[in-house]
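These are the structures in question, set out in turn.
You will see subunit A twice below: alongside subunit B first, and alongside subunit C after that.
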Partner chain A sequence: MKIIEVKNLQKTFISKKKYKGKEKWKHLFKKKEKIIKKAVDDISFSVEEGESLAFIGPNGAGKSTTIKMLTGILYPTSGEIKVLGYNPSKERIKLSKEIGCVFGQKEQLWVHLSAMDNFLFVGSIYDIPKKELLERIEELSSVFEIKDFINQPVKSLSLGQRMKCEMVASLLHKPKLLFFDEPTIGLDPIAKETLRNLVKKMNKELGITILFTSHDVGDIEEVCKRVIIINNGKIMLDDSMKNLKYHYLNKKIVEVNLKKNIKIKEKEGIKVLKAKDTMYKIEVDMNITSMDELMGLFKADDLQDISISTTPLEDIIKTIYRGANDEMV
Partner chain B sequence: MGVKNNLFMIFRYVKLNLKKQAQYKTSFAMQIVMMILNNAFFLLQWIIVFNITKSIGGYGFKEIVVLFGICAGSYGVAHLFFNGAYKIGDLIYEGKLDVYLTQPKNVLLNVCSSSTSVSAIGDIIYCFIAFIIAGATWWWYLAVIPVLIIGALIYVGVVVCFQTLAFYIKRGNAIADMISSAITQFGAYPPVIFDTVSKVLLYTIIPCGFMYFIPMEYIFLGFNIWWIVGMVAFAIFVDALAFILFKIGLKKYSSGNLISGRL
Partner chain C sequence: MMKWFNKYLSVFKTSFKQEKDTTLNIVFRAVSFLIMIYIFFQLWNYIYGQNGTSQIIKGYSLEQMIWYLIITELLYYTCRYGLIVKEISDEIKNGNIAYKLNKPYNYYLYQITSFMAKSCFSLIFLLPIAVIMEFGFVGIVPSFTWAQIFPCLLSVLLSTFLSWTIYSIIGLISFWIQDSTPFTWIFSKFVMLLGLFFPVEFFPNWLQPFIKYSPIYSIMSGPASLVANFSWKLFAQVAISQTVWAFVFILVGIGIYNLGKRRVTANGG
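== the complex of A and B ==
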């Protein structure tokens, strides 16, 4: 069953041109030129129930704008959106009862109040009966291990504890779909790991569909099974994480330390990234070059040390961001 | 069910906001006391005026005390329950409506009731002190409660109508602030001093007439169904207009990416 269906979605923002210096005075009483920016440019995709999707892109790519249209925060300029069968612009209230949002940069909790007070308040916003709400808080506070600080003011909690509370608040009404917009921003590695595990747990055990945005590749690598990369408002890649790794992780980085200085000849599939004294860093495209060919570049006797690693996923994503994905395939 | 749940939400907001601010007990009490004193100083000016003349167009000290009491009381109810209405322009300008838009409540009602002014309690207390000073009868106390609620609803409606300008004009809320200030300032003077043009304004865009002048007549002269109908009809008109303008404006809303939290 499709949870999200997006067809030819567009969002444009119109602003007025700003003039500087003398130009500013010249245009004081004139109609200012309009600047139309396509934040989201004709994108289509769908998400199946139970999926965990990473929706990533560089700053200003259009990912947050897309999420805001999916949640009913922004009205689309054109195109169709169906989330859980609802049109977010027209059926926002019905939709919001079935989705949850965790924004890393926008806290929903009242910082001067305790987490418990916040949960009771959120419960009243979602019209959850008191008894049911208390049971749900009890259940989630065990899963998220927040019992020790549930009665402390949110302002006194660490960022990691606060994010856990944000997640509990977003789960009180049992949403079917959860939007995470950079939830791990500013967290230390341990807190990040805990949060990632909890998101995975929500997806696997509770069957909640996850749409996740993050600039941290570790987040998406661990949490998501599918990735959509968006840049300049257009979808540049929509594939499973498995395929992404299979197709794009064909480049190996070989670092060798030889006994003597030699000249390594570059050819198709072999590129010397760095050469200093007897140390070489070589990028090898395994689709073009075999391991034998690689080892033939130097004599085994000359070899002092060798290490072979895969291109980090982060570098691959950076390359895709730059629009050079065609070159990589 | 919807009305009940929305009322529950409004009272829950007030409770949480007061609980949040009551953490600083001295500051909490000071805000209330200072507001009562601030309003009392206004009466001092009128005592000086009425030492010179006995009445202004038939309005004596007693009438002025009641008029300003209603004015402060309506202001208090509006700011106690719907203080968020006065911040809508800033929220629109800074793109901070996102949280409200992801919650299953009417956005405008949610935003308006999300904030509470503690000093508004001082205004409401002052209203009743003013009634005691004016020698109120039991009818006055009975009549003033719906009057304050209707007045607050009109006040909030007018403010929201002008705050929604922020969807179209940067810092459009400055006009709303000006109107809001005009409502409290004009409402504190006896209606007899205004000419026809001013009165047109006072029964339209600065509706002190429906908020203070008619209610005062209603309190002094006794129950009159037509005054009540007039006030309620105007409140419904203004609030419906506010909801419509806000809904239309929301299509223009461009969310922001500023890091923010609820304080």
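== the complex of A and C ==
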């Protein structure tokens, strides 16, 4: 069953040109020139129930704008959106009862109050019966291990503890779909790992569909099974994480340390990235060439040390981002 | 309907609890309130003293005038309009409104309820001060009966609620214009001139009906006159006028909010 269906979605922001100096006075009584920016440019995609989707892109790519349109916060300029069968801009309140949102950059809890007071407040605005709410808080506070600080004011909690509380608050009304907008931002590696595991757990055990945005590739790699890369308002890639790795992880990075300084000749599929004394960093495109070809470029006796690694996913994503920007240029 | 009521009651209770952290701010406001009342008491005492303190001016004795003034000042201080219009305005301008729009409530009603809680919290501090000062300066209001306490209190609360329906609309104007402060300034000055300092009877005859049918009367002069010169007839008039205006402004506010929310421009993250 499709949880999200997006067809030809567009969002443009219109602003007025600002003039400086003499120009400012010239345009005082004139109609100001309009600047139209396409934040989301004709995108279409769908998400199946139970999926964990990474929605990523560089800053200003249009990912947060898309999420805000999916949650009914922003109105699309054109196109169609259906989330859980609702039109978000027309049925925002109905939709909000079925979805949850966690924003890493913005606290949604009342900071002067305790986490417990916040949960009781959230329960009442989502019309959850008191008995059911208390059971739900008990259940989630065990899963998220927040019992020790549930009665402390939110402002006194660490960032990791706060994020756990944000997640509990977003789950109280049993949402079918959860939006995570950079939830691990600013967290230390341990807190990140805990949060990632919890998100995975929500997806696998509770069957909640996850839409995840993050600049941290580790988050995406660990949590999501599918990835959509957006840049300049357009979808650059929509594929499974498995395929992304399979197709793009064809380049190997070979670091060799030789006994003597030799000249390694570049050829198709073999590129010397760095050469210093007897140390070489070489990129080998396995679709074009093979390791044998590389090993043929120097004598096996000259080899002191060798290490082979795959291109980090982060670099692949950077390449995809850059590719999109180059096309724009 | 009950669920709807409980939802906003919860917003009220939670905002009220959160407000406890601002207790020190309110204590300072109370000091400023005390000074203001003292200055105006001296001023009216002087005016009445010119013609003997038993003088009646436009139907008001000195005692009634001071009661009127303290109630209007109390209403003015309770409603922290500048701060709160700024809050709505800033939320719209910086896009933080987005984080409140993804919840199952109406943002406009949420803000009114939240502000109402803040005002009620201020009222807890300022009302006893106002009453103590009254007794200290002029004593009990003439023709006081215990039965008038509840209707007067209700009228004060309705006045605060009405203020918020109006000031929240001013805040919502930020959907269209960069800065709604001038509107706040203009409206608050009208409230000051036409209600805070003088009862409606002090204005020219031709102007009185306009003031009486305006929301400013329901916010300021109405409840203050009721305390100073209570009658059940006046209570009915003031309460009806406050309720009708509140109803009108809520409808206008919801309409403006529904039009404005299409203009939300929350930038990404």
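The rule is simple: the second predicted complex is superposed on the first by the 323 of 329 C-alpha atoms of A that agree within 3 Å, B and C clash if a C-alpha of one lies under 4 Å from a C-alpha of the other, contacts with A are read in each partner's own complex, and residues count from 1 in each chain.
In this text, contacts are C-beta pairs under 8 Å (C-beta built on N, C-alpha and C of every residue); 3 or more make two chains touch, one makes a residue touch a chain.
Given the structure is predicted, the values throughout are model-derived calculations rather than measurements.
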First, second, both or neither for A:His215, with subunit B first and subunit C second: neither
Touched partner set for A:Leu109, first subunit B, second subunit C, both or neither: first
Which of subunit B and subunit C A:Lys176 touches, first, second, both or neither: neither
Contacts of A:Ile93 with subunit B and subunit C, given as first, second, both or neither: both
First, second, both or neither for A:Asp117, with subunit B first and subunit C second: both
First (subunit B), second (subunit C), both or neither touched by A:Gly62: second
Those residues of subunit A which subunit B touches in one complex and subunit C touches in the other: 13, 64, 68, 71-75, 92-93, 96-97, 99, 101, 103, 105-106, 108, 110, 112-113, 117, 121, 124-127
Contact footprint of subunit B on subunit A as seen in their complex: 13, 64, 68, 71-75, 92-94, 96-97, 99, 101, 103, 105-113, 117, 121, 124-127
Subunit C to subunit A touching residues, read off their complex: 3, 6-7, 9-11, 14, 17-18, 20-21, 96, 98-99, 101-106, 261-262, 264-269
In the complex, subunit A residues that touch subunit C: 13, 39, 59-65, 68, 71-75, 92-93, 96-97, 99, 101, 103-106, 108, 110, 112-113, 117, 120-121, 124-127, 181-182
Complex interface listing, subunit B residues touching subunit A: 5, 8-9, 12-13, 16, 19-20, 23, 97-99, 101-106, 110, 250-251, 253-255, 257-263
